[in-house]
Amino acid sequence: MWTGIVIAVLVLLALAVIFGGLLGFAAERFRVEGNPLVDQIDSLLPQTQCGQCGFPGCRPYAESIANGGAINKCPPGGEATIKALADLLDVEPQPLDAEHGVEQAKRVAIIREDECIGCTKCIQACPVDAILGAAKHMHTVIESECTGCDLCVEPCPVDCIDMVTVEPDIRTWTWTPPASGVIATDRQGVSA
Amino acid sequence: MTQLWDFAGGIHPAENKHQSTALPIRAAGIPDRLVLPLQQHIGEPAAAIVSVGDRVLKGEKIADVTNGMGVPVHAPTSGVIESIAELPVPHPSGMNDWCITLKPDGEDQWTARQPVSDYRSLERNQVLELIRDGGISGMGGAGFPTNIKLRPPRDRKVDTLILNGAECEPYITADDMTMREQADEIVAGLKVMAWILRPERCVIAIEDNKPEAVEAMRAATKGTQIELAAIPTKYPSGGEKQLIQILTGMEVPSGGIPADIGVMCQNIGTAVAVSRLIFEGRPLISRIVTITGEAVQEPGNFEALIGTPVQYLLDQAGLQPEKVNRLVLGGPMMGYTLTTTAVPVIKTSNCVIAATAAELPTPPPEQPCIRCGECAEVCPMELLPQQLFWYSKAAEFEKAEHLNLFDCIECGACSYVCPSSIPLVQYYRYAKGEIRVQRAEQLKADRARERFEARQERLEREQQEKEQRRKERAKAAAEAQAKKKAEAEKAATEGDAVDERSAKAALVQQALARKKAKTEVAKPQAPAAEPAQEKPDLEALEKQLAQAQSKLETMQGMLEDAKAQQADNVEKLERAVAKNHDRVTRAEEALADARQQLASQPESQSTE
Amino acid sequence: MAFAQQSSPHAHHARPTSRVMLWVIIAALPGLFAQTVFFGWGNLINVVWCVALAMACEAAILKLRNKPIGFFLKDNTAAVTGLLLGLSLPQFAPWWVSGIAVVSAIVVAKQLYGGLGSNPFNPAMVGYALVLISFPVAMTTNWAEPALLWKGAPGFSETLSTIASAKQTAVDGWTMATPLDEYKHKIANRTAAEVLQHPTFGNGIARGWEWVNAGFLAGGLLLVLLRIITWHIPVGFLAGLAAMSLAFGSNADQYAPLSMHLLAGGTMLGAFFIATDPVSAATSHQGKLIYGAGIGVLIYLIRTWGSYPDAVAFSVLLMNFAVPFIDHYTPPRTYGHHKARRGVPSRKQG
Amino acid sequence: MTTKTSSEIIRDGLWNNNPALVQVLGLCPLLAVTSTVVNAIGLGLATLMVLMGSNLAVSLIRNFVGESVRLPAFVMIIASFVTCAELLMQAFTYELYQILGIFIPLIVTNCAILGRADAFASKTTPGPALLDGAMMGLGFLAVLVVLGGMRELIGQGTLFVDMNLLLGPMAADWVIRPFESYPDVLFMVLPPGAFVGLGLLIALKNGIDNHLEKRRKATEPAPAASGSKRVRVTGNVS
Amino acid sequence: MAALAQSIRRSAVGLGLFAMITGGTIAVTQALTEKRIQEQAARAEAKALLEIIPESAHDNNLLRDTVQLPASDRLATDGPLTAWVARQDGRPTGMILPIVAPDGYSGKIHLLVGVDLNGTVLGVRVISHKETPGLGDRIETKKSDWIRSFEGRSLGQPPHREWNVRKNGGEFDQFTGATITPRAVVKAVQKSLIYFRKNRQVIRERLNEAPSPRPKAITPETIAGEATRSEHS
Amino acid sequence: MTEYLLILVSTILVNNFVLVQFLGLCPFMGVSGKLETAMGMSLATTFVLTLSSVCSYLAYTYLLAPLDLAFLKTITFILVIAVVVQFTEMVVRKTSPLLYRVLGIFLPLITTNCAVLGVALLNLNKNNNFVESVLYGFGAAAGFSMVLVLFAAMRERIAVADVPVAFQGAAIGMVTAGLMSLAFLGFTGLVSV
């Protein structure tokens, strides 16, 4: 009986040592750094750099997602971004986490120039350098570059920055899908 | 006989054309007001070059496009500019856009005209310039600026010039009547375009349900090299791509333009406009519009000035307002509904249908798609409309795009036959719109990332430089020297900033101008009112207070600095300091309130 | 003035779904008539019972799902599902067997997927296959003898009471193995001539069944003429079956001959009415040909080497399963493209 | 990793994160052996035991395994438990073992087990790990039994047939036959019935959850916190 | 390089440690249960045989007491037949033949036929088959008692003509909806009896050879398994 | 030759691993949301399944059987599989990032795929020789891949259908797999093995 046990243990031990060695070898020999997934995730985030997700910027959030973090923390991206992420990672989309804010219409910052005192605080705050101006001069927002992150609003000592919702005009207007009419889908009223 | 090919799919809707061909083209006359949208074609909107109160003459340029793709707008008659404002324009959105309103003075006085009797003596470029200055954009479809279209890419040679007189949509007879009555002008215009392009072949294509037009054109083209093709009646044979396939058997490559395969397609009306411009010096200030539908008593075609309100034309055709259920601009297959009759006729408006409820009934409610494939059978682009629909509806835009959503010409044949009465085209339009928005957002996100990364890099660099300097300073023997250097560097960076600023000055200026109007309307965001019943968030309030205090300090510091330097923004800064004082007091009060409230609340409630 | 707002096109000229389905029902009548003439009242009773139950079932589920009942019932699709089940079940199948088939068809195969237009599997065939594997006794012993009426055997009320009883099998003497079943199992140790002695074959290929198949063929051609179905699926189906039969089964002493394959069993019903169910079939012309041919080939495989004497239901379900995949790889070539865009869109790369 | 309370672990295992209904793992044995209740119980108990054992063991050794051999090590632990269970079943319930066939050794690859070892046990102390194993195992067992009961009842019109295989001769006549002359519904006995049956169970759970959710939403207002977790990208500026 | 060696060593030692513990556990459990498992296995494997010839009717170890019988194409088995022998006090009392019914509805049906030395059927059991559930599977004892209807039959009883299903004028019941399966089984049992009669001489001789227990048990499963394997070679 | 063909037909159609034998269901349900992903998974599984079939055959025939250690088969097989998988993953990740993108992320999942261990054990049960083992492993993988890919395409379609709320996701996936399995019952008896 005991010989049987000893043989069994020895065989398994031999196998394990060989395989363990093999894996140890591979772990060292084939070590890789970096994660290409982060880039892919980052490219799906809206790059508002607003930090609402709880990370200092979109890329750190992308890294967190790549490491298995929740995908529903980015309010500017909203449902569309969540869906895209879910698609990429092949997981179920979840509703936006309200703790981080709600999805809003697109906005841009506008500086009321006659009140601006040129303190440059907003320039320091803007993550995408969308504000122009020099010390003690009137500042203005380059509308096309502003991501609407509203990071510049709070630092302004004279509260001269407004976030304005971008209204659709005849050139940005697009068709809406037909109203669902008689056939309401079963998806409505989901706990989404 | 010209060899003809067939195109895939297609339908045969009821034609309803005879109603509006009974009478010859009538002149609509001059209405009380002319409303001239600054954008009447794809491309850039024009900018007004007149001001309110100016008197303009007929044919005078009143708006122009300086850069980008576009053509000018001319005054259709003489009169006074009454306003430049946002008014309803013909657009599926039913939204307003910038328009110049002209109050005619009734004199219809021409500005100086420069007809070219012998255009052949000019450079081709000069003629193309004339066409641009004449405000001519395509009159058969999307309204592409004709001069640009007539300038095919350098490596392309146009072998076949097609004049599109198919007019395959039901109801519309504007081109039909034009061909019947203005055949010579059409030929003259075609000759001008042919001279510009030097094609080997010129074809005028007319659906064989317009024998009178075919006859008239045959007479007018007698003795010329121009071919006349009577093509089988089948919607949408007038679609540019289908017409090219019918006449040449070739297909326009997806995403390309006809010139890629050496073909160009122009509308009949466009040819007339070119002819009138060249030989009469008359820019595009009027067009033929079909007014039809069972809600008008005297349907027919009108020569209407651009800017004529639709109401005016409907009245002339004897509108019975109580009968109208739906008002369609364009044909029943591709036109869009109007919300108001105040919109003007523009360069691309070919037809107005005042339809009764019986004539164009509301379709029954949408049913589920049964994948019967009828739509695929009729699609002239050989798409799979049911799949496009399925993916568009489910917002799987990537897949819809993969199935060539963007090749759909929105002809509506699929919706026409769908047994489940699904508004397919609307789904496609929605999907296309969403995809375009997404693309724009992606672009914007990419740019934001670049800018963010650039900024991070710059900050990093500055940080390093600072570090460097600090070290150097510590190391350096001569303190004064180091200081100087630092100053020099600082100046340099400032110089940079100024440079950047001047480079972008134009941009800023533009942004400012655009913003100004909007800012006035936009109300400053009201701070979210704290619901009284909620438990006050002490922490947040404390943070607020601290922030306010620190801001106040900064401001006071700045103010003192400014005072010391006698800067010119002292006044502003004083205001700011006052404001921040307020802020601090408010924050303090709020905090005190909150503390009080908390104290008065029983413990149990706050721990729940 | 408020004008109606609508997206283009503003004109429509469509044959509504309800009418399409009505035509399908009409086109099935010749086959049903032939069934009644040759096999007695069983099919007719089955059809009535299945259609009624299908409609009731559909209504009940629509109610559960909070959908407008009238709106959906009027599209007649539940009736078609019921009809096709009634046509394909054995004549003397007890009421509860056909009932379970109908309920599983409507509830599991159709409404669980969202109802009309969403079901990936042919509902009627799901119902059929489900009862076939669940109740093999009831599904193999209840086939009426051909030319039953001439023998004066069961009248309407007798048939009705047989169906209405809870017993799994009908009275002996009214029923008989189907031609395909008979041929398949006798041919192993007999010659074709010997096997064909059995009365189920009559003097021709398959007594009664020939006319039933002819009836469905006629109805099917009507559907093609009316452009309710295109020719691709039936042609692919029949060609696939014929090709296999010619390639492998030319020896009638070993395998059933081609004529038997085409005119016995549910071949024509399958080719024109069942495989063509638009909802669960492939989309493009090329896809339809492949789909149809796949069904034909599978039918031959299973009929010849598998356990089941007829295999329309399984083959249709198997190819239904492949439809989304086929659709991915057989989109038509669009105007202005050199080649069709196959496959799946590759994910956007960052 | 935030630590979970015991009640959370219990709720997760049995309902919220049930391995079969929510994680949809361990399907092969779940579907393969549930044609009768007795098979379901047999396999369920074996799985439960292995889960508890492996969770405990993994948690105990969690600090001693290197990254490169983590997976093989876990797998070996699980495999040894499974083999022991297999040997014991062979010794004491041989016929049941034969019916369950290769699905006993296949417990090794029951994703639910390795999943738990990797996701939970390797990150917590032995106590919670053991509890988690027990609850996950019970959750799995519960689904097995319900599915087995459903298939047995609909499929052959009986309940608790052959219980003697597991519990000895005294259980031989526990079998319940609710219907007289029931025609076997082979669909439920055969593979398709297993899939559809589990589908129905999952849907049932979803339905209950949705219902509860709706009720909960109706009674308590949504929390109004918004943007509370914001972080500044550009540092503190004021 | 040092890192590599270090990594290899660490992994190998780590995994080896686990191997020892887990291997030890398994080996010990195995050692403890081995006996019982073998008993159980033997009993289970002999179960089918014991149903045909109950333990009260013999006193030898069936599984280890087999004889090789001459091949016969009649029985659709290829190669010589291995049969189990039942003895009471060392004298043969009966035997169990593994036979195949080749013409089942969906392929071969593997059977065990027990006969006593006079050629009377002691019992018949199905080892494996592929017949349709619900139709042909009623040849299993689990589903119906039909298969017991062979017990006590022999070649003259019923007479040769009536070794068939009722439908074909025979003595044995068929199932509703399935005649093929029962007919195949009836025919196969009949053939095995004919085989027994034809080879009675040889069989007697072989049976009477002194019992020589085989080192390894031969079970019905092994025979059926080998038969399936040889089908496609 | 025919015998080998029959093994393939049997494993791919008649005794399909997923739909009839109930092996490899978790990856089948879990991964196959997208056609593209499913294809990657298929490739990876085919590779591993065939390889592990070979490795476990060798380990059993030349190590366990001679030493009479059959009771160690489960742990040995799974160890072999886990190591093969992990080693492959590491190598692929380093040497061919492209291939890794296609296969790599699925490889770790495969260790816990019953089909892999199932193939090894079934080969034993069936007494398959070396060639048969390889074919059996390959056939099982091919059958798995086929239904995985078809199922993925179908799920893409179902994902946008108007499925009742409670059934969305895994539930309707199960029902679909059930109906597929129902259809596969049609192959019963095609090969009598």
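Some points to look at:
Here the chain labels run A, B, C, D, E and F in written order, and each chain numbers its own residues starting at 1.
Keep this in mind: contacts are C-beta pairs under 8 Å (C-beta built on N, C-alpha and C of every residue); 3 or more make two chains touch, one makes a residue touch a chain.
By chain, UniProt protein names: A = Ion-translocating oxidoreductase complex subunit B; C = Ion-translocating oxidoreductase complex subunit D; E = Ion-translocating oxidoreductase complex subunit G; F = Ion-translocating oxidoreductase complex subunit A.
Because the structure is a prediction, the values reported are computed rather than measured.
Chains touching both subunit A and subunit C: B, D, E, F. Of the two interfaces, D-E and C-D, the higher number of touching C-beta pairs belongs to D-E. Central chain by Cα centroid: F, whose mean Cα position is closest to the mean of all protein Cα atoms.
Centres computed as Cα averages put subunit A at a distance of 36 Å from subunit F. Centres computed as Cα averages put subunit A at a distance of 66 Å from subunit E.
Note: centroid distance subunit E to subunit F, computed from Cα atoms, is 32 Å. Residues of subunit B in contact with at least two other chains: 92, 365, 367-368, 393, 423, 426, 429, 547, 551, 554. Residue positions of subunit D touching 2 or more other chains: 66, 68-69, 72, 76, 79-80, 83, 87, 184, 186-187, 190, 192, 196, 210, 238. Residue positions 34, 71-72, 75, 79, 83, 86, 162-165, 167-169, 172, 175, 179, 182, 185, 188-189 of subunit F are each in touch with at least two other chains. Those residues of subunit E whose C-beta lies close enough to touch subunit C in the complex are 103, 105-106, 132-135, 176-178, 180. Of all the residues in subunit D, the ones that touch subunit F in their complex are 24-29, 31-32, 68, 71-72, 75-76, 78-80, 82-83, 86-87, 102, 105-106, 108-111, 114-115, 187, 190-200, 202-204, 206-207, 210.
Subunit E meets subunit D in the complex at residues 7, 10-11, 14-15, 18-19, 21-23, 25-26, 29-30, 33, 36-37, 40-41, 43-44, 133-134. On the side of subunit A, the complex with subunit F involves touching residues 4, 7-8, 11-12, 15-16, 19, 22-23, 26-27, 29-32, 36, 87, 90, 92, 183, 185-187, 189-190. Residues of subunit C touching subunit F in their complex: 65, 108-109, 111-115, 118, 120-121, 126, 129-130, 133, 298, 301-302, 305-308, 311, 313-315, 317-318, 320-325, 327-328, 344, 346-347.
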